[in-house]
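Quick heads-up: structures coming right below.
In the two complexes below, subunit A is the common chain; its partner is subunit B in one and subunit C in the other.
Now for the complex of A and B:
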């Protein structure tokens, strides 16, 4: 019984934990401009994050090594360092975006400008990182994040012409006003939002935090293979809501309020309140995850004690990194930079940084020195190599597309 | 039983009996015995150990910068060390016996300057020349017999030499069934000139001068054991 409960809890938190500010904003923007014609990218991204997370979760369970341990062991200190800098910058950018997202969610409730809320949000995030237990962070915020199911309910209540919506699934249904280049740019952004690297840093480090062993591989797989795809369905519902409400009017999404607006239209105040709670939980949870990931990455590269499974004083350096990262992120947001813009940048750079950590994980997941009998089977390797190609292509295409389309405006 | 020092020991996490995360293996100290055999003698930890490994020129500059940040400290250029016989086991982590607190000591000045002590990081990337070897060959890895934490003889048994960068073999030289097949094929093709050379009278390692000379009579082993 306890085991089933653990699986259920894991799956539910994986659903809530999958969606973060990047998914919220990018899916709504894409839905408003391209309808459902980019849904296939979400599907590709979700399968990709399942492949990636399953491999790193399996390695963490069997060998107790998290992502950046492996990056340094396989790539050496020099390549590993460049990798660390790149990945940490992207994770830090995501951290800024998540804290900004929490502030924006609170602004929707309080009408207080988000910049004024940033210091309080940052302080709250830091206190949670410092004091709260790892499992409470994951479970409470993951479960509250489930209120984003409001988007699926809203889509159903909006009563769209389902035949029309399903017909939009073909890439050929790209709205004529948009060029193929912007289509490709948003495809890469959506891919980066679904496959954000921090999700894997956090997932594998979390496995070490929770002291997984090879016996937990089954539960881990259930979380990944059920939770992430259901989270992906939420992403598609967000895009669907925007496609129904905004696409016919030609309105583009530029604020977090607009992301939730279709729910208000469909379900009224109560529905809106529920998804705003979902915004808060999803971004706050992701802020904790990205903050921890910054500390995990650096500590795993350098070798000092990390983790919430030991007392704070035993991982003092790790907690100093968390504090410094939180203060810096708040500082960036206090300059008045638009969190939505930071989000847009962070998802694209996520796509750029992905191959850095994906490749070493793919190699180690095959290495019996680390995973013994639990190494990749044929299916995992076929998918693993296919995704290596996809990830490298997306990464290479990202910068040229970013420049040519001026971040999707063209 | 052999292991490859760069692949299996270098950069791994050092933990103690209780599972405390202590440090990374930033470099490995090798000792040359009077009879010429080379044995691993210590794990080196800290900036003075890892910075030189960031590349010949950059590493040198960063190491000097690290010393100059606090010129008054006499021991600034020397890493911390833990002796090799403190290792209880080597798996995906290097587990030390006993409590790890206070187990890292500063390397003494005499030991740091001793001519019979080498660093693995210096040996890796050293040009290797000899008949039958690719002209751009360097030392890619160092194959050591025995297993840390286990009894028996521990000494450098062979060198993996070939063109390329140390670590880029990614373990694909060790076993033939390491997947994915496509990556294995690409890595093996890139390292098609790599060879395993058994240490013997025909192999002359001059770490100070930075060169390895391999005579015609040296014994070459197949890459995949």
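Now for the complex of A and C:
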């Protein structure tokens, strides 16, 4: 019974924790401009994150070490450093976007400008990172994140022409006014949002925090293969709401307030309040995950004690990194930079950094010295290599598309 | 000394890059006619989006589907975005042969900015279903459509 409860809790928190500010904004932007014609990218991205999260979870469960703890040892300091710089910078950029996202969510209920809220949000995030238990952060915020199911209910209540919506699934149904280059740019952004590197940092380090063993591989797989795809359905529902309400009116999405409007239209104040709670939980949860991921990656590279499963005094350097990262993130946001713009940049740069994150996982997951009999099977390797090709293509295309389309303007 | 040659080359290269960057970073952006047309069309599209967002925010708040502070935040952000759209186009040097079109586009953008601003003010006052405000938004939306078609 306890095991079933663990599976259920893991799946629910995986669903609720799947969506972050990048998913919220990018899916709504894409739905408003391209309808459901880019849903296939979400599907490709979700399968990809499942493939690599399962590998990194298996590595953590068998070796009791986080993936990036092993990268430097297995691939040498140079590759480790490249991996650290690329992935950590993107994770830090995402951390800034998430803290900004929390402030934007609070602005929607308080009318106080988000810049004024940033210091309080940053302080709250740091206190949670310092004091709260790892499982509390994951479970409480993950379960609250389930409020975003409001988007799926709203889509159903909006009563769209389902035949028309399903017909939009074909890339050929891209709106004629949008160019293929812009379509490709948003495809790469959506892929970057779905496969953002911190998810794997957090997942694998979380496995060590929760002291997984090889006996937990089954539960871990249930979380990944059930929870992540259901979380992906929330992304599709967000895009669907935007496609139904915004696309016919020619509205492009640039703010978090716009993302929630279709829910207000469909469900009224209570539905909207539930979804705004979901905005808060999803962004706060992701802020904690990205903040921890910055600390994890630096500590694992430098070799100092890390994690919330050890006492603060034993992982002092790790906690100093968390504090410095939080102060820096707040400092960036206090300059008045638009958190949505930071989000847009972070998902594209996430796509650029993907090979640096995922190539080492594939190498370590094939090394019997670390994973013994639990090394990759044929299917995992075929999928892993196929995804590496897609990831490299997306990474190479990201910068040219960003420049040519002026960040998707056209 | 052997290191002097690459050092000088580096200085020259950096100087050339800075010089070329400097020539392209003048105070006033001077696009050619085609580039200006593209930017004007984009400004009209963006303005239409902000006006439609404002209309939707007011409408949902008037039907009590959102709380008023939510509508105010959405409208304030639309107002800010509208001002940016207007400023960005106004800052461009109008190319030869586009003076009349520029006057028309900037006038309609000003009307749109004013309508969105009035909508925000109405929402702050709690007047969410004010006919004059809603009518002004509808009117400017039609003007934006005409201006877009006129391009």
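We take it that the second predicted complex is superposed on the first by the 410 of 410 C-alpha atoms of A that agree within 3 Å, B and C clash if a C-alpha of one lies under 4 Å from a C-alpha of the other, contacts with A are read in each partner's own complex, and residues count from 1 in each chain.
In this section, contacts are C-beta pairs under 8 Å (C-beta built on N, C-alpha and C of every residue); 3 or more make two chains touch, one makes a residue touch a chain.
Just so it is clear, the model here is predicted, and its values are computed rather than measured.
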Practice problem: Return first, second, both or neither, reflecting whether A:258 touches subunit B, subunit C, both chains, or no partner chain. | Solution: second
Quiz prompt | First, second, both or neither for A:272, with subunit B first and subunit C second | solution = second
Self-check item: subunit B versus subunit C, judged by how many residues of subunit A each one touches
Solution: B
Quiz item: Between subunit B (first) and subunit C (second), which, if any, makes contact with A:64: first, second, both or neither?
Solution: first
Self-check item: Partner chain(s) touched by A:302 [first = subunit B, second = subunit C, both, neither]
Solution: first
Quiz item: For A:381, is the partner it touches subunit B (first), subunit C (second), both, or none of the two (neither)?
Solution: first
Quiz item: First (subunit B), second (subunit C), both or neither: which does A:108 touch?
Solution: second
Practice problem: For A:78, select first, second, both or neither according to whether it touches subunit B, subunit C, the two together, or no partner. | Solution: first
Quiz item: subunit A residues touched by both subunit B and subunit C?
Solution: none
Exercise. Note which residues of subunit A are touching subunit B in the complex, please.
Key: 63-65, 69, 72-78, 80-81, 299, 301-306, 310, 314, 362-363, 366-370, 375-376, 381-382, 384-385, 388
Quiz item: Taking the complex as given, what residues does subunit A use to touch subunit C?
Solution: 107-111, 245, 249-252, 254-255, 257-258, 260-261, 264-265, 267-269, 272-273, 276, 409-410
Exercise. Name, in rising order, each residue of subunit C that touches subunit A in their complex.
Key: 42, 45-46, 48-49, 52-53, 56-57, 60, 64-67, 69-70, 72-74, 77, 81
Exercise. State the interface residues of subunit B toward subunit A in the complex, per the touch definition above.
Key: 8, 10-14, 20-24, 26, 45, 50, 53-55, 91-93, 165-167, 170-171, 175, 178-183
